Amino acid sequence: QDKVKVGVFPVATSLPYFVALDRGYFKEQKIEVETVRLIGGPPTAAALIADQIDAASVLVTLEGMNTNIKKPGAAVYISLNSQSETYPMEQFVVRKGFQAKSIKDLKGAKILSAPGPGNVLMAKAALEANGLKEGDYRLEQLDTAQHLGALKAGTFDAGYTLEPTATMMRQQGIADTLETGVIARTVLGDPKADAFVGGGVISTRFMTERPEVAKRYAAAWLKAVADIRKDPESARRHLLKNTLVPESAINDIPMPGFFAVSQLDDKSIGQFQRFIDFSMKLINAPETVDVRKYLKTY
Amino acid sequence: MRSAASFPIRDSLLPVVGVVVLVLLWYAAIAAKLVDPVLLPSPWETMKAMWTGVADGTLLHDFLRTVERTILATLIAMVLAIPLGIVLGSWPRLYLALEFVIDFFRSTPASAMFPLFLVVFGVGDETKILVATFGAALVILFNVAYGVMNARKNRLLAAKVMGASRARILFEVTLLESLPQTFVGLRNGVSLALVIVVVAEMFIGSADGLGHRVFEAQQLLQMPDMYAAIFAAGALGYCLNLLFQVAERRLVHWSGK
Amino acid sequence: MRSAASFPIRDSLLPVVGVVVLVLLWYAAIAAKLVDPVLLPSPWETMKAMWTGVADGTLLHDFLRTVERTILATLIAMVLAIPLGIVLGSWPRLYLALEFVIDFFRSTPASAMFPLFLVVFGVGDETKILVATFGAALVILFNVAYGVMNARKNRLLAAKVMGASRARILFEVTLLESLPQTFVGLRNGVSLALVIVVVAEMFIGSADGLGHRVFEAQQLLQMPDMYAAIFAAGALGYCLNLLFQVAERRLVHWSGK
Amino acid sequence: MARLAVALKEVPVVDVPHVTVRGLRKSFGSVTIYDGFDVDIPRGRFVSIFGPNGCGKSTLINLIAGLIPVDGGEIRIGGKPVRDVRIGYVFQNYREALFPWLRAIDNIEYPLRVAKVPKAERDARVARLVAKFDVKIDLKRYPYEMSGGQQQLVSIMRALIVEPEVLFLDEPFSALDYEMTLFMRDQLQHIFNETRMTMVLVSHDLEEAVYMADKVLLLSRAPTTIADYPEIPCPRPRNPETLVDPVFTQLRGHCLDVFQREVRKS
Amino acid sequence: MARLAVALKEVPVVDVPHVTVRGLRKSFGSVTIYDGFDVDIPRGRFVSIFGPNGCGKSTLINLIAGLIPVDGGEIRIGGKPVRDVRIGYVFQNYREALFPWLRAIDNIEYPLRVAKVPKAERDARVARLVAKFDVKIDLKRYPYEMSGGQQQLVSIMRALIVEPEVLFLDEPFSALDYEMTLFMRDQLQHIFNETRMTMVLVSHDLEEAVYMADKVLLLSRAPTTIADYPEIPCPRPRNPETLVDPVFTQLRGHCLDVFQREVRKS
């Protein structure tokens, strides 16, 4: 039994971890995982840099690659999560009662955004791509937990929000989706293209110090990814126990597309590179990274 | 000085009056439709959520975890801060040297310190407890040192003239002279420890605790559950305060006389 | 009682000593590789980040916005809490009735109150200021009421016997008797206001302010910037504390005598 | 108990009660200090209270002045409850009765501010009082910068500035020096003769108590009763001659006897 | 200035200085209290300090006892710095000198605890002292539950319990009743006669100051100088007889003269 410490953010994008855990794939590989609950990117990135975890169930690629600029190899992706119109995740929503049919109609609206420079800048880029300039709207970032309340109370008219918040908004009749696949459309020019916004990571230290264990960990992980691709309906039921998704919403919760790194072709990797380059420019990073260096095929 | 007769309500019932007024205001806010009922549930719904949480044991479990962390943090803070506060207070030049650093960290939001603590102490439970310890210790330290420095000099002189050693004076006179202020620090400190523990449970991430509960309920827009958890935190804070208050009444019987 | 000669360092330089010790410890932590240098940059890098932020005006802007919010929150809190504290303190039965509610909210993490305030007051600047006001006011209230209740009775009696009205006694005697404690409350209050403003800027979302700066830097893993902003917040807290301390030294010249 | 004074000399003044205490009850915890205590303090007269430590002298004048609540009984001043009467009070614990945030001179002036006397008159009255007491200390200092005696002097001046209806003095000279004590006694008597306000003095100095008083209230140990309440019919103004007046010496001796009998009882 | 006492009667005892004060300087802000002040307090003798309010009596004994720092000059007790000497001190402000968190009896016992005396002996010594002073009050009470005089009594007992080398008393009887004052004077004299510890008494009662003392230190107004320092050669134990002894009355008169001359100066 080898011990592996995994930073886990309890959301739908961490699904492979829950599947591997619940279906005993880690056990099969004689791996005992220790779940460390971490809320969001910064604690996860810090824990990876400080070598306090060996792997993370999900890390946004922007944050992961940014981490790799600071400390090369802190976050190496073994699987990637795609977001697009097919796999809706980030999206623009409008509250009930606000007249808007597309993003262009958001002129003069008060818009909230998921927090963090990555989200805010992406929202702005999307708005700009739709011809809305700074000053045509008011955009403020807000913790996603507040999105439902803020739209419900009418403090905001529209929002650039994430799943599963958007689904809950629709279910509770608070807001409607305006456009999904925002990143794919804005960055890659095709809403159906795969925007690899997140993924499962392990650290280089884990990979080099315990290569054999890392390999078994990856095997369990990728088996779960394959399960999800094969039968997403049964896989998503694992969210029930492990995340906040309620029973009533379990079948409506959108999920990203899960890809093992080995499945990516050159075109996909090129798109991934484009997305990362675009993001790095958005956040004014001093340099960009070669994504291939931080993709590990098992 | 007024006789009890002019107030028909018994003293022990007074806190209840305050609560009743609060609940009535709450109902009034709902009746006046100041706030959407989804976002601000009625006291009754909140009570129900609290009851359910207690009955199925989940609220109780989270509550106890938070209690555990808060008490641990406060105890460590006390053990560290009270002696240090006495030393600093009775050695004003040392206090002067450290005042900047103390006030500096006292004014730094504990939540801004999370990253540093995460990095130094890791992602476990210890970190949450230690951040809370840090915050509470600074408050206690400040108050103890302040109490010691502002202690009236007469009794210290009396002890000095009786030949008491520096240490004796410190522990048998200065400490007691500064007790009222120390208790203010303890009450503020335990409140702060609770606040930080809850915030850490919310934002660093945790598998249990009231902060975790608030966070979850918030994510799911389960407002009655959220307020139930918030009120559980408030009630906990009140009880911890009360504990120190009772201790103070017993220990500082001479205060104001 | 020791003569100044045994301490060659001038009093005014003492706070610098504290800071130097802190910076040395920091360097030591880095030298000992206790923490990954990415996560804990050197003091020098942090200084550079601070300097860049000041030079290009962004840090200064964020700093001033936070100052503005904190001062506004503290002022409103003072205006609300001091009179109320005096009233509560001089009318113990009223305090008893509200003590539960006060301690309750004092123990409720301000960040847990964000949702409620957001819902009631919206997401504007007012909300951040009001949550901070709420937190600071409770602390001030508690300390003022406490100071008033624990004021030594002799001087109140003296004023009473001179025929001073209840109001006069309240404002000309009780208030002054409780000033030392009130200042403790003010110093704690302004610190708390700052903490809440920064946390609100971090988590409610904001376009500027030190909290926003900390949050952004944290998201982008720009540690020198993050610590620069945190230290700016700490320094701000220290200055605000100092302000009240100077005011106290001038106003409460008799304390401890 | 025979009213010794009445026997000695006819008193022309008919006493009108000013302060009336009826059925007074007061306990601290389990210790009963007063239990059905009656006393009258006549208007415009000077009453000294004399008794052993802890018999309840301070407590009595605190009760009369309304500073601590009675457990039972009734206290009236000129038929009115005390809160409607302007009284002066010099505290035994002068140190904690002065306001440390006011300079000595502002402490003295404070009761006039309470009485809403205009600034100009306030200044004039303080100046007059300072002149009368021939004060040499710097009244611009704060109380905590003064010696015990200086603080007590300030405390006395503060009580006198308002010309109260009744003046209570709780060991007002205990920290004054010899010269100052003699001087203050004279001044107090002078003010008494001028204004004829009712004065109540608690003193541990028997000579002083008898010298100053029209009547001496001799108290027993707690639970406190009146041991005696003799008239001191010596003519005013009193002066060092009074001290050798046989009436004075006889009364002083009588008071001492009563006091010692009471103290040694039990 | 003629040493009157020496002229009157030959003193057999040769004074050995116990407390020596040389070139003492002390100011409060701009007010100079002492500027080059010298005095000797002889070993095993009783010295009374007498002077006008604010002349610096409390300040002097505070300086000697090391409670406030000197601005200049040297003070030694038996050749040693004060911190190496066991002294007793009864504060003028007795109210703030007792520990409110200790019961009266524990306050009295406290100096013995400091001196690490074992429990049994502590109890025995307190019991002896209580018996000697014939204390009738309940010593289980806290100071704030006692009258002023009771607190002062406790304060005096606390100072005496350790049998100090030098005992300083700053107006120790100011709040005691008549009987108690007489009794305490007797007790103090008794203890002095038994132990011959050096005692320094500040008093505003001239009769008391002279009655108790071997030497009376008469101080002038600040900046303070010695106005006179006469011997009081009346035999011990002193008793009411002493008060009519012509030597006594003459010395008392002399002291009063000196005092009044000093006070009226300037």
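Should a chain be cited, it is by its letter among A, B, C, D and E, assigned in written order, with residues numbered from 1 in that chain.
Just so it is clear, a contact is a pair of C-beta atoms (placed from the backbone, for glycine too) under 8 Å apart; a residue touches a chain by one contact, two chains touch by 3 or more.
Remember, predicted model here, so these are calculated numbers, not experimental data.
Counting only chains that touch, the fewest steps needed to get from chain A to chain D is 2.
The count of contacting C-beta pairs peaks for the chain pair B-C.
Note on chain placement: the centre of chain B and the centre of chain D lie 50 Å apart, centres being C-alpha means. Chain A and chain C have CA centres that are 38 Å apart. Annotation for chain A: residues 42, 46, 49-50, 145-146, 149, 153 touch two or more other chains. Shown for chain C are the residues that touch two or more other chains, namely 35-36, 39, 115, 119, 152, 203, 218, 257.
Among the residues of chain E, those touching two or more other chains are numbered 93, 96.
Under the touch rule stated earlier, the contacting chain pairs are A-B, A-C, B-C, B-E, C-D, D-E.
The touching residues of chain D, counted against chain C in their complex, run 65-67, 86-89, 91, 93, 96-101, 110-111, 114-115, 142, 144, 158, 162.
Looking at the complex, you find that chain C touches chain A at residues 35-36, 38-39, 114-115, 118-119, 122-123, 203-207, 215-216, 218-221, 223. Listed in rising order, the residues of chain B touching chain C in the complex are 7, 11, 14-15, 17-19, 21-22, 34-36, 39-40, 93, 96-101, 103-113, 115-116, 119-120, 139, 143, 146, 149-153, 180-181, 184, 188, 191, 194-196, 198-199, 202-203, 211, 214, 218, 226, 230-231, 233-238, 240-242, 255-257. Every residue of chain A that touches chain B in the complex is listed here, in rising order: 7, 9, 35-40, 42-43, 46-47, 49-50, 52-53, 144-146, 148-149, 152-153, 165, 168, 172, 244, 246. On chain A, the positions that touch chain C within their shared complex are 41-42, 45-46, 49-51, 63, 66-67, 70-71, 112-113, 115-118, 140-143, 145-146, 149-150, 153, 155-156, 283, 285.
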